[in-house]
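What follows is a structure written as structure tokens; I'll ask about it next.
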Amino acid sequence: MIRACLPPPAPAILALRALLLLALVLGASLAGNQARAGESPDLRAAIAALAKGSFAETEKRIAALTALGDARAVPALEALAGGDLYRRKADGAVFIVSGASGGYRLTDPLTLQDAGTAGRREVKKIRVNNRLRRAIRAALGALTLSASDPARRLAAAEAILKARDKEAVETLDRALARETVAEVAAALQAARAAAVLASDRSAEEKSAAINVLAARGDREAMAIVASIAATEDQALAGQATAALARMERSQALWDVARNIWYGLSLGSVLLLAAIGLAITFGVMGVINMAHGEMVMLGAYTAFMVQGLFGALVPGQIDYALVVALPAAFLVTGLVGIAIERGVIRFLHARPLETLLATWGVSLILQQGVRTLFGPTNREVGTPSFMSGAFELGQLTITYNRLWILVFSLALFAALIAAMKKTRFGLTIRAVTQNRRMAASMGIRTPLVDALTFGLGSGIAGIAGVALSQIDNVSPNLGQSYIIDSFMVVVFGGVGNLWGTLLGAMSLGIANKFLEPFAGAVLAKILVLVFLILFIQKRPRGLFALKGRAVEA
Amino acid sequence: MPDEPGQPDPHRHDTLLYLDGVSVAFDGFQALNNLSMVVGRTEMRAVIGPNGAGKTTMMDVITGKTRPDSGTLRFGETIDLTRHDEADIASFGIGRKFQKPTVFESHTVEDNLALALKGRRGPFAALFHVASDDERQRIDDLLSLIRLAHLRAAPAGGLSHGQKQWLEIGMLLAQDPQLLLIDEPAAGMTDAETAATAELLRDIARTHSVVVVEHDMAFVRALDVKVTVLHEGSVLAEGSLDHVSANRKVIDVYLGR
Amino acid sequence: TPQGLRAEDTIKIGILHSLSGTMAISETTLKDAVLMLIEEQNRKGGVLGKKLEAVVVDPASDWPLFAEKARELIEVEKVAAVFGCWTSVSRKSVLPVFEELNGLLFYPLQYEGEESQRNVFYTGAAPNQQAIPAVEYLMQEEGVERWVLAGTDYVYPRTTNKILETYLKSKGVAAEDIMISYTPFGHSDWQTIVADIKAFGSAGKKTAVVSTINGDANVPFYKELGNAGIKAEDIPVIAFSVGEEELAGLDTGPLVGHLAAWNYFQSVDTEENAAFVDTWRAFTGDGERVTNDPMEAHYLGFNMWVKAVEKAGSTDPDAVIDAIVGVTVPNLSGGYSAMMPNHHITKPVLIGEIQDDGQFETVWETPGLVVGDAWSDYLDGSKDLIADWRPPMACGNFNTATGKCGGSGS
Amino acid sequence: MGSLTVEAIDLSYGAAQALKEVSLEAEPGRITCLMGRNGVGKTSTLRAIAGQQPISAGRILWHGKDISRLPAHRRARQGIALVPQGRDIFPQLTVRENLQTGFAPLPRGERFIPDTVFELFPVLGDMLHRRGGDLSGGQQQQLAIGRAMVMRPALLLLDEPTEGIQPSVIKDIGRAISYLRGTGEMAILLVEQYFEFARDLADRFAVMDRGTIVLSGEKSDLDEQTVRAHLTV
Amino acid sequence: MTRRFFTHGMTRGGWVFLALLAAAGLLIPLLNLALPESHPLHMPTYAVTLSGKYLTYALLALALDLVWGYCGILSLGHAAFFALGGYAMGMYLMRQIGPRGVYGDPLLPDFMVFLDWQELPWYWLGFDLFPVALAMALVVPGVLAFVFGWFAFRARVGGVYLSIITQAMTYALLLAFFRNDMGFGGNNGLTDFKEILGFDLQSDATRAGLFAASALALGLAFVLCVAITSSRLGKVLIAVRDAESRTRFLGYRVEHYKLFVWTVSAMLAGLAGALYVPQVGIINPGEFAPANSIEAVIWVAIGGRGTLVGPILGAGLVNFAKSWFTAALPELWLFALGALFIAVTLFLPRGLVGSLPRLWAKATGTRSKAPPDARAKAPAAAE
């Protein structure tokens, strides 16, 4: 009856399912098998067979290989999925291949012994597509349910959960009995519940299974429970409906949490983009249209530093980004100082005209980068600590977003400390409020001007390094942030750093709450309209400075 | 405590400006504290008081620049000033000279006066305005009064500090308001000019109401009018200059010894 | 006539691709590609015994400027043909100019179709040469039953998705199994949409994303996709606007297995392509430089123009328009592409999977060449229309139902 | 020869000449008082000395060295402090921060606000955290003077320091100025309209009219009536 | 009286400009139409259309200068009004296509047909009539400006805050017009126009006519702006620019003044857009791009803010430079243009018209009457 609700499975999937079952049954004894690793001609032939024929045939051969139930096939299958399994043209032998200078290093897929090297043209990669990868993953799931690495057992459990195989219950029970890691056990429980619900076991067992899935509460579980809610069994359907309603309620809460997190994360990007501008425009009053290009230069610095790292200390790419931060600060800071000395300083009495000149600067920098680095995107690699994601309840939090949030807040804190707590901050503010009088107080205004603009630019550069992790590194990079940056600074209240922080975060959150029901385009429009209306209410931004001091 | 508590009566016919219980606070700092004052028609009043007593704030409140937190503010018999903005209040006939001179820097001295001249203030009136002979005459008169005739075509931005003060006085006169609020007119003037200014104000006060704030006691004496002493946002003393300068408190907080 | 004035001993070729602004990122490559083709041709002795001379202008990603520059190329520079445009709007902007001044435009991009103009040659894919085969592949090979149509909010994705929606429904896909999402140009925050895709895909049916997301927005999209752990095995994404050039800005490690549908991949294993890639790298002086599908389109268009001119013995636009239909040139994937009477060309359709070296690996291709269809069979307004520029029909929107030229009327 | 010697300087604003061959002197322990009607060039003279406005002819010597081409901040670092007309308070800095801007020319060890500032202007001590721009006119004037005192200058340029200040504080300022003179370390150049105040303080007088010095000399040599005559219209 | 009103503020420079404009308006079409192509003085159609486009840009710059140069309102969203005017005209031109579209639908524009629209949306009604469309080209920007200004000026939004919300406005419109659902052709906008008032848009005579019409519109707008700026209203505007709050204390309702010029300016910008579209042949949301508004600001600054002739010259010069550079230096032109902007800011601080007479005077030793001081107050940040 449940089958009826599911789409008619493709024959290949049916075949796989049967195999999976077989493998699971054998699962318990696999560890033992591994121990008496005699050379099995069947296995080698089965692996060699992977190299021939169409995808459909290869899929069958994977099935056949899995059917042998031999865990020694795992490396070969993994290599195949990863695109590292090659066939030697000369003799048709199959190897796991890794890159080496001048050619490939060959490894025997069964013995995992080194098998020499081969030139690029001597071997041919065995092609895979998504369908094969999926087949391999399912096969590996079966073969790895008793792996020693808990992460792999977890992955196997999740794969079985996705498969919803009614025959898997006993296998899962055995695996559960052995399981010591709570997280994996929970996943096995869920997979078992899914299997129970797919089977024709007793109503009590199914009822318990619904509770297990309801406790899990994610969308996968919801889909399974939803399919029960639509069945004939009145009692079960009722229970499932109730569980579904509970899950939906909790999902709604998680959606709110999710939107807040996304909003903060978008806000942190806006903050990064705007923070340098909060100095050059907010504090100095320069309508700095070249701000975006400073961000861009920072991103390109990251690209350069990474290139250098690749050449000088290969393998340490993770640190390249860390080194890129100060490098970008220096590079863009110096460019900023050059711009201030070359152009801006002549315009202190005519702040509106800085728009004109910095627009010119921005055109030149864009084209300069285009000429130097080419018009296309450049790749800035992601360090390992910024790749991937982790789950927090129903939230998927990606490491790069988390780091960017942390980093933007740290940068903000450093800046605010510098502006409010140091003498340099005081002189910056004095100079920007009354340059002539500041000079008469003995403040070296030219130096302060240059350093301030350099600081704002340098910070923009640092932001560029961070933004290179989520966006294009291209000559257009700056242009895509400039408008948002101005909006954030103005929304927060020009000259108020806290306003910039709050402005960025609230625009980010507003956007992310609107997006799910208005769509990305309309959400953006609504945020803009909101901004326009908000400014009517508070004509000097979120953190408006009040009193005579402002009008003076 | 005011030693001559003038009972304010808004219904008196000759009351032009009526303040009662006006308070203003900035971030918790009480700049005006239950301030009450009445200025009659064609009355001139001198307001003195320590720096920071709230004199300028009082003018800000009257002209609509600052909204009072509480209190009554009435102009003439009916107009509640708290309900109007600067432009309205100016068009009711309240003119003001600022403590810090503010003039239109890129306009000529003459245009500064022309813009201040009494007349219709709407955009369409301004669009189709044609200067009359009367207006030209009036500007000429004012220019010689404020001794800037030789600079009539110079941009006001290039005036010296004192010249700007004079120009502001000229603009105030050009407006010809019922009530003139004058914040420190004598600042930056020579003694002779100060005396002349006092004379000028006395003249004006024959047909107008005037409130003058000044720290120059010689000037205040020359005005020879009732003096209100403000301190910490409320009236400390009121009466003739001799009367208030004899007040110990006034001496302590203001005049010094 | 222009022919009389063109007495010099060179033939001018106009290149109308943005070298600055938002589109420079994509279009600059095409400018270089045409320059390379011209250089190659000149090495072979030019055309009709004359050298070719490139006239490069920069329309700066500014659509009205495209029209102005097109006019300048034809009227002032008197070029024999123009290779240019990328976005549909830039093409729309120059169309009236080419029509008025009787110029020739070779447009190298896959596009939404619904157009056939006498002066324009569409060397990129029409929807039936890209979108429909791609969806068929996913349906048959991957068993996809649930679809996310994600695109940038402009006419190409809108039209393509409309065609796909009709097509999918005609194949029995239920309305609730189709999710459509549009984003602005340059959209960079994909968190919500990626999460929505993930949620949509966890309903127990095999789900795929058909992406018509444009240029700049792709890098952040794929970065988010990779980080959020959406694997090609679970929810494959098939893109129509992501080529080797776009991938060059990405670490493709986490994206292996996601797909793209084009008519050419750099990885295509033929002699012609190996030579093309080598020439390109030599020309740009960059041994890592990638090639892509629109470049091949220009390669085809350019060679077709050369052949047509040689056939006509003249660069006169009318002569070329007459001569070029039926011209066949080798394409880079081992076959021959022909210019059809509707000014679209025949092409193979390739489906490729992203590899971790930033290349695509062809996992499927049409057995033969597909003829570009100017008017989609899946849209009400256009299913009766055909285009045929050969005399006597010489019509871009002939209505087979009414037997008249001039659209469907009503 | 004073430690400040202004030698025949000219100064123009665009095409308009504001100063013509103005010469002046000031020396430690003495107060030179510069007087004149509105617009005659007093402020321009102080701006020229402080370096806020370039001169087109003449020289300005400070301790014998020509400082006419030095930027304003270099002059401040050589001990020249200005209390400008119009106050020029940093509006968004707090009172304390306004005072601290005077630290710039000081060596690290001397970067504190002298108690005399708060003794003379107790109101500043009460309002350390208020923004300078929020102060009343007279309070700002006091802040401007206090700020200059923080710099511990060797030459103090005061442009109408009593403007807008209440009578009792004017008296205090007078006492303070004579105290500073009494230390013998500071040269003071005072521009003032308030005649009595100037007369009581000045050691020397210089009177300007239309951009030139028309009268100057020791107080003892000058007749009050003559000076007053130059100030009336 | 009216004559006096329009002419009393006209300077000699103004008359010279009008005379030159009139001459160009007559001569250029004549040189294009009457002389054979081979004649050395023949004006190619390409150049006529290009000059016509410059004239519409000049009109936009003039409109912007009215609010920025004279009233201190730095609009970073003026292209929105321009684009709205353009769309109004585009809708008219679209309706004129009639059954000549690719689908041959007599009523619906092509983009509606292939997006399956069944009937013409209500807001497209009436646009088949030229007077309606022309009126809308003025009214729509005017009403938008009025409503926007009504709220913003009453709330006393000023300085960079106003600038940025004008930018937000044009950006929001950009995104809105991008949406196909809006019914304005999405990203492709409106294009493929055939005729205007029955004249073939591809004929030289129509192009020459459009050029002359643009010259006429610019001339009239110039006279109007001279009248406005030289009246007392103009003086109040400058007063507002220099010391807004002081103006209030004199009894002027600053918001009314601002609203007046703001609306007039938006309508002029709309007119410019309406004349622009038939000449370039396309209107699409790209015209709302914030960068377009910024460019217009730059034309004004280059020409000389607060002078009326300056922005006109600035628009002409920058766009001519752009046309020329993009063909002559296709890969380096941004360097040239960027350098031009920097150089003008540094060496001609008051723009061409503001600075050249001074430099001239300096060179020749004569004194000239300076234009109203174009320097403005620092933005709020520095205040």
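Going in written order, the chains are labelled A, B, C, D and E, and every chain counts its residues from 1.
In the analysis below, a residue touches a chain if its C-beta (ideal position, glycine included) is under 8 Å from a C-beta of that chain, and two chains touch if they have at least 3 such contacts.
All of these numbers come straight from a predicted model, not from anything done at the bench.
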**Q.** Steps needed, at fewest, to go from subunit D to subunit E via touching chains
**A.** 2
**Q.** Co-neighbours of subunit E and subunit C - touch as defined
**A.** A
Q: Would you kindly say which chain has the C-alpha centre located farthest from the C-alpha centre of subunit D?
A: C
Q | Furthest chain, CA centroid comparison against subunit B | A | C
Q.
Based on mean C-alpha positions, which chain is nearest the centroid of every protein C-alpha shown?
A. E
Q.
Using Cα averages as centroids, what's the distance between subunit B and subunit C in whole Å?
A. 75
(Q) Taking the mean of the C-alpha atoms as each chain's centre, how many Å separate subunit A from subunit B? (A) 65
Q) From the C-alpha centre of subunit B to that of subunit D, how far is it in Å? A) 29
Q) Which subunit A residues sit where two or more other chains touch them? A) 366-367, 433, 479, 495, 521, 524, 547, 550-552
Q. In subunit D, which residues are in touch with two or more of the other chains?
A. 134
Q: Please list all residues of subunit E that touch 2 or more other chains.
A: 175, 178-179, 245, 331, 334, 375
**Q.** Partner subunit E, residues of subunit C touching it in the complex
**A.** 19-20, 56-60, 62-65, 67-69, 71-72, 75-76, 87-89, 92-93, 95-97, 99-100, 114-115, 153-155, 158-159, 162, 184-185, 379-382, 385, 396-397, 399, 406-410
Q: Spell out the residues on subunit B that touch subunit D in their complex, using ranges where they run on.
A: 26, 29, 49-53, 55-57, 99-100, 147, 154, 158-163, 165-166, 184, 187-193, 215-217, 253-257
Q.
Quick check on the complex: what are the subunit A residues that touch subunit C?
A. 6-7, 10, 13, 55, 83, 127, 129-131, 133-134, 137, 164, 218-220, 223-224, 227, 258-259, 262, 265-266, 269, 366-367, 370, 374-379, 381-382, 387-389, 396, 398-401, 469-476, 479-480, 511-512, 515-516, 519-521, 524
Q | List of subunit E residues in touch with subunit B within their complex | A | 5, 227-228, 231-233, 235-236, 238-239, 241-243, 245-254, 256-257, 260, 372-373, 375
Q) For subunit E, which residues are in contact with subunit C within the complex? A) 44-46, 49-50, 53, 99-107, 110-111, 113-116, 175, 178-180, 186-189, 191-193, 201-202, 280-282, 284, 286-287, 323, 326-327, 330-331, 333-334
